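Each chain carries a letter (A, B, C, D, E and F) given by its place in the written order, and its residues are counted from 1.
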Amino acid sequence: MPSIVRSENRANTEYRQIKITRNCNIWAEGSVLIEFGRTKVLCTATVGNKLPPFIKEQKLNHGWLTAEYNMLPRATNTRNSREGRKGSVSGRTMEIQRLIGRALRNAVDLEKMPEVVITIDCDVIQADGGTRTTAINGACIALYDACQYLVKNNLVAENPFKEFVAAISLGINDEEVLVDLDYAEDSNIGADCNLVMSESAKLIEFQLSAEKQSFTKATLDRVYDLGQESIAKIVTEQKRSLGIE
Amino acid sequence: MPSIVRSENRANTEYRQIKITRNCNIWAEGSVLIEFGRTKVLCTATVGNKLPPFIKEQKLNHGWLTAEYNMLPRATNTRNSREGRKGSVSGRTMEIQRLIGRALRNAVDLEKMPEVVITIDCDVIQADGGTRTTAINGACIALYDACQYLVKNNLVAENPFKEFVAAISLGINDEEVLVDLDYAEDSNIGADCNLVMSESAKLIEFQLSAEKQSFTKATLDRVYDLGQESIAKIVTEQKRSLGIE
Amino acid sequence: MPSIVRSENRANTEYRQIKITRNCNIWAEGSVLIEFGRTKVLCTATVGNKLPPFIKEQKLNHGWLTAEYNMLPRATNTRNSREGRKGSVSGRTMEIQRLIGRALRNAVDLEKMPEVVITIDCDVIQADGGTRTTAINGACIALYDACQYLVKNNLVAENPFKEFVAAISLGINDEEVLVDLDYAEDSNIGADCNLVMSESAKLIEFQLSAEKQSFTKATLDRVYDLGQESIAKIVTEQKRSLGIE
Amino acid sequence: MPSIVRSENRANTEYRQIKITRNCNIWAEGSVLIEFGRTKVLCTATVGNKLPPFIKEQKLNHGWLTAEYNMLPRATNTRNSREGRKGSVSGRTMEIQRLIGRALRNAVDLEKMPEVVITIDCDVIQADGGTRTTAINGACIALYDACQYLVKNNLVAENPFKEFVAAISLGINDEEVLVDLDYAEDSNIGADCNLVMSESAKLIEFQLSAEKQSFTKATLDRVYDLGQESIAKIVTEQKRSLGIE
Amino acid sequence: MPSIVRSENRANTEYRQIKITRNCNIWAEGSVLIEFGRTKVLCTATVGNKLPPFIKEQKLNHGWLTAEYNMLPRATNTRNSREGRKGSVSGRTMEIQRLIGRALRNAVDLEKMPEVVITIDCDVIQADGGTRTTAINGACIALYDACQYLVKNNLVAENPFKEFVAAISLGINDEEVLVDLDYAEDSNIGADCNLVMSESAKLIEFQLSAEKQSFTKATLDRVYDLGQESIAKIVTEQKRSLGIE
Amino acid sequence: MPSIVRSENRANTEYRQIKITRNCNIWAEGSVLIEFGRTKVLCTATVGNKLPPFIKEQKLNHGWLTAEYNMLPRATNTRNSREGRKGSVSGRTMEIQRLIGRALRNAVDLEKMPEVVITIDCDVIQADGGTRTTAINGACIALYDACQYLVKNNLVAENPFKEFVAAISLGINDEEVLVDLDYAEDSNIGADCNLVMSESAKLIEFQLSAEKQSFTKATLDRVYDLGQESIAKIVTEQKRSLGIE
């Protein structure tokens, strides 16, 4: 495969320029507009109290966090039909919103938020690759703010926020590992990966899928190392946006 | 009914502050982020060629324009479920998107755009009253840009854009007529109205509905006059955003 | 546009021949088969007690009235698929049944019928234009009978029926305003309008939509006057069918 | 079980009073309003040309006949939700409309109507037992008229109508066999049966189902004989309504 | 019609080789893999307690039994789409599962199993004709075991199992009556029939449908006699598999 | 976390007993019943020619392979509703069938099977953990047989089967890594992983998800090594079942 020319003159190890706009929505308990290059995702965190049935049925003593992901029809180069209007949501959307939910449940201690349900909405305003990792990165900030809201309004005894969670996409082109692919890069890549880790460098989710190319273990290690490095930097950006570090 | 205190210290005859951001999307043939006070709607116009079946079946010789309207789940004070994910779209959404489509079909000459379908997407990012009229006002600008695109790319022989179309909501509180209601105002109003007119002051659509209060014809005339006045001003704003007046 | 030849040799200001058959159904609390010319609508009013969720959630102290509208497949010149069997109900049907519901909620005092839900069903047996206005006119009579049923069965302390509500369609052909369009007339019309008013001449709903032609305010006034005149006569017919005037 | 008191002072072997109103719809190629006692079904036959896919796929050289059955919401004592609006059609409705279709395909020679599809719509206006058999009896008359239409309009080379098809319901109460049950009778019956036969006394469909009571073969024979007798009389009524006997 | 050559060198009056494998599933309260020739159906009986709404609404004092039927996509010669994934279940599937439910409700005394719901699942692993009757025959054995489970676990005061229920398909080819048709035989048959009877020879369900050929009463009697004879033998097989006779 | 007691007295590094039954279905071009301990999955491979739309639209010159996954209602300890009958398929099912499809597309050269679509159906007859990996392992054998069918029937110029693909699940319990979890083991595990590799030890898919516990990189390496080792053994079993090694 030929070498890939990167957008924004980046090195293979660099992610795109990040822009974080907090409180972009007047109604939500937490809200962030996050941009990775030209990818823009609007993330809101809503505080509610409608627990999913399994919590009541199993008499569990903790709250819940769930996520929904959606693309606006013209977030992409060609217009996509609105999902659900013709029946059901696509497998891709389901996979992504389940990933976002699992990832962010690692950022909070659900037992410290009994009777509370936080709903994360990630709406992709403009897509240029990496929408699911961008969504996780923005939503974690909105989640932080929603946890502050819980504390200020005495809806919890203790702040349930545990630690930051961040995500990065990586691609493999023959021997090269590339961080944070945009759409053009992703289209030419042999395989791609999404990595989610916590602030304390614990591995939360690692998804690596190859339809066009297979992988060696050495490449896998390189992917892991570069991903970890990027995630540490992204956590710093998350905290900076909140003015807490 | 008690008199209504207006947001932004407005007179009853004033609409809220308008902000128009063109080309807010890198992919669409026309795109506008429009704000009326705190109501924000993202409008895109997509150029396509999939004609609706009735045009082929009836062997008609013109193109088409259609519209979709959607609210993000947390566009409102309390979170709404995503429409369609539980089956079908609500009656309210259907009514609104049909209204937007009818309104904007008056802005173009469909016979000058054979084989072309323009799809208008209006996604409400934040709602504070008047989302359907705000959507029409923004979408008409995106439509203007999409028509320019048609001309520049030789997809039409002649520019199909005929004239600007704008819309305004009005409310009636006993004897008072109020222009451009925000959400708080709308909740306390006796009846509400949506008016769509063209740049040349032709009446396109007039919807007046009263569940709480009935109307006299004198009030109807007042509604009509104030609406027409506002629409003329909005058209000026539309043109200014395009730098054509 | 050429002048329109009217069915039944009517003047532009005349509506078609009306026929009202009360108690056409042995099960319903109120039932009417109403005909405007060749348009036939079967209207039933059902007394129930399943309040919509918002009434309980908001702890409101009143009952409710809701409406459903449907066309039999062969009510029209060519057969239409049964709505809903392929998924969801069309936008047109939703708009119409919401209109019927809003209109008839003006005929009753919901606070006088707490814990009561009246469901209006309007099934178009044969369509020849004006089905939504015909439905409102017939359903109001069925509603009157259902209110009598409430009184006789001690389901309410006081009769909730307030006043009659009637509706008429109007069309505009260049300068002419035509009352009560049949299907052939409607197909050639520049714009059409539906007007709903109460017995006391209050304006309840006014919908005017122009895809083919725009309107002047003078025409709007003419539409309003002719509509009001027809509605007054229709209310007389409604009462006559009930033997109350 | 106690003996059943019959409506209309009928003997066990008598069906209810029949009323047949042909041409009750101005649009359909065949239409009949048929009444068995208080059960009223509106039947239309529509001539079309959209063959079902299997005919083209299997390169068959014949036309098709299909049927749909529906109850108006207040056809029954308590209101039923409109089928399909909440998703799919009930098993009961599917069974009935498949039965009607199979029954009436025996009345025509499909090979004499290539390229033709006849759609039978049976809408139950008022239900009081026996709606499926009433529907078959009425629809066969509408089908006869639709076949006449095919001939008159040269859509077929030869009339595809073969012979009349009629149906009757029967019930068993201990030892008694009862013809044509109304709703009250049917509710107290041990088992019920639907029989469809042709004018030439051929057995087309025989469905006998017992949830409450089992049957002996002797009873089965009695059911068969009484059913055959009634069907012969109903065919006479069908023909009389058409003025052909 | 030409005479039909039978599979397995059977006489017209013989059914195919039966194989019954009980306890083929580790989780279900009753489970059977049943084979009639090459037709294989996996039947499970699940004990639950979610009563259908009508039992509570009508304050009935008995339990319930319901059934679901499904074909695996490649149970047949050509692959079928999975039902339900594109919306709703087919009319054929609905008819069959309703039949299975009605049939098996005759095998138990519902009043002896208050608060209990037994769900029968019949999944066709491989189809070669007669899947609905094979399903009934296998499911009745699973039901027997589920009733034993109810007794052993003190969920009922008395065993609700009343008597065995079995089913057989029959076909008519001109003058011949054939027992237990496989797929190839069924495809060439003039009409087909399904018969359900109880161990005590009571007739439970008799469905006879003819699209290609009509029937005389003599043939009907022959069908009934041969069916009864086969069912008696199948009940013996059911009991043998349970080791109770 | 306490140490986990393994089923079948296995070491942590051992998978459960495997049983493979080829040609378990008479209709499919390839079919396998595969068992890992008590988990049983029926896999069929169907040869067809309905290419997905994107292949035609993009004028691609290769065939396709797609997969569907389903659980029978009583495959599990408590009965699950049939998916799809209440609307849409669950996110879990979608994820699994997309995984199976991606995995097996690595086993074939799609360019060697133009105009061919292979549909893999994996129906879980009995579930006891590891259903998705068991499905991949069985389906790959059915796929091998379907490729043989393509060759024998001259539907391809060259055999498209490239190499075997196998999968294994792994779990992490504190420091321990366990191979091939059954249901009881999986319920108590801190995190779980699914690994898919090819016969030539190329990494195809690696999914690691932790809701209860986070991971270190050292554990990740251990997971990878044990997984690779198991997969090599499973490939040997796949080949043995085919008699090709």
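We adopt the following convention: contacts are C-beta pairs under 8 Å (C-beta built on N, C-alpha and C of every residue); 3 or more make two chains touch, one makes a residue touch a chain.
Here's who's who by UniProt: A, B, C, D, E, F = Ribonuclease PH.
Computed from a prediction, not measured in an experiment: that's the story for all the values here.
J.: For the two copies chain C (Ribonuclease PH) and chain B (Ribonuclease PH), is the contact made of the same residues on each side, with over half of the numbers shared, or of different residues?
T.: Interface between chain B (Ribonuclease PH) and chain C (Ribonuclease PH) is built from largely the same residues.
J.: Give the label of the chain whose average Cα location is farthest from that of chain C (Ribonuclease PH).
T.: Checked the centroid distances; the maximum from chain C (Ribonuclease PH) is F.
J.: Approximately how many whole Å separate the CA-defined centres of chain E (Ribonuclease PH) and chain F (Ribonuclease PH)?
T.: Distance between chain centres: 33 Å.
J.: Counting only Cα atoms for the centres, state how far chain A (Ribonuclease PH) is from chain D (Ribonuclease PH) in Å.
T.: Here chain A (Ribonuclease PH) and chain D (Ribonuclease PH) have centroids separated by 59 Å.
J.: Distance from the CA centroid of chain B (Ribonuclease PH) to that of chain D (Ribonuclease PH), rounded to the nearest Å?
T.: Taking the average C-alpha coordinate of chain B (Ribonuclease PH) and of chain D (Ribonuclease PH), the gap between them is 51 Å.
J.: Check each residue of chain A (Ribonuclease PH) and list the ones that touch at least two other chains.
T.: Only 87-89 qualify.
J.: Which category does the touching pattern between chains fall into here: line, ring, star, complete, or other?
T.: It is a ring, because the chains touch in a row that closes back on itself.
J.: Can you trace the ring for me, chain E (Ribonuclease PH) first, then chain F (Ribonuclease PH), and on through the rest?
T.: Order around the closed ring, chain E (Ribonuclease PH) first, chain F (Ribonuclease PH) second: E, F, A, B, C, D.
J.: Given the complex with chain E (Ribonuclease PH), which residues does chain F (Ribonuclease PH) contribute to the contact?
T.: 25-28, 31, 38, 42, 44, 46, 48, 68, 70, 72-77, 79, 82-85, 88-89, 119, 121, 123, 125-126, 128
J.: Please name which positions on chain A (Ribonuclease PH) make contact with chain F (Ribonuclease PH) in the complex.
T.: My answer: residues 87-89, 91, 94-95, 97-98, 102, 105-106, 198, 200, 202-211, 214-217, 220, 224.
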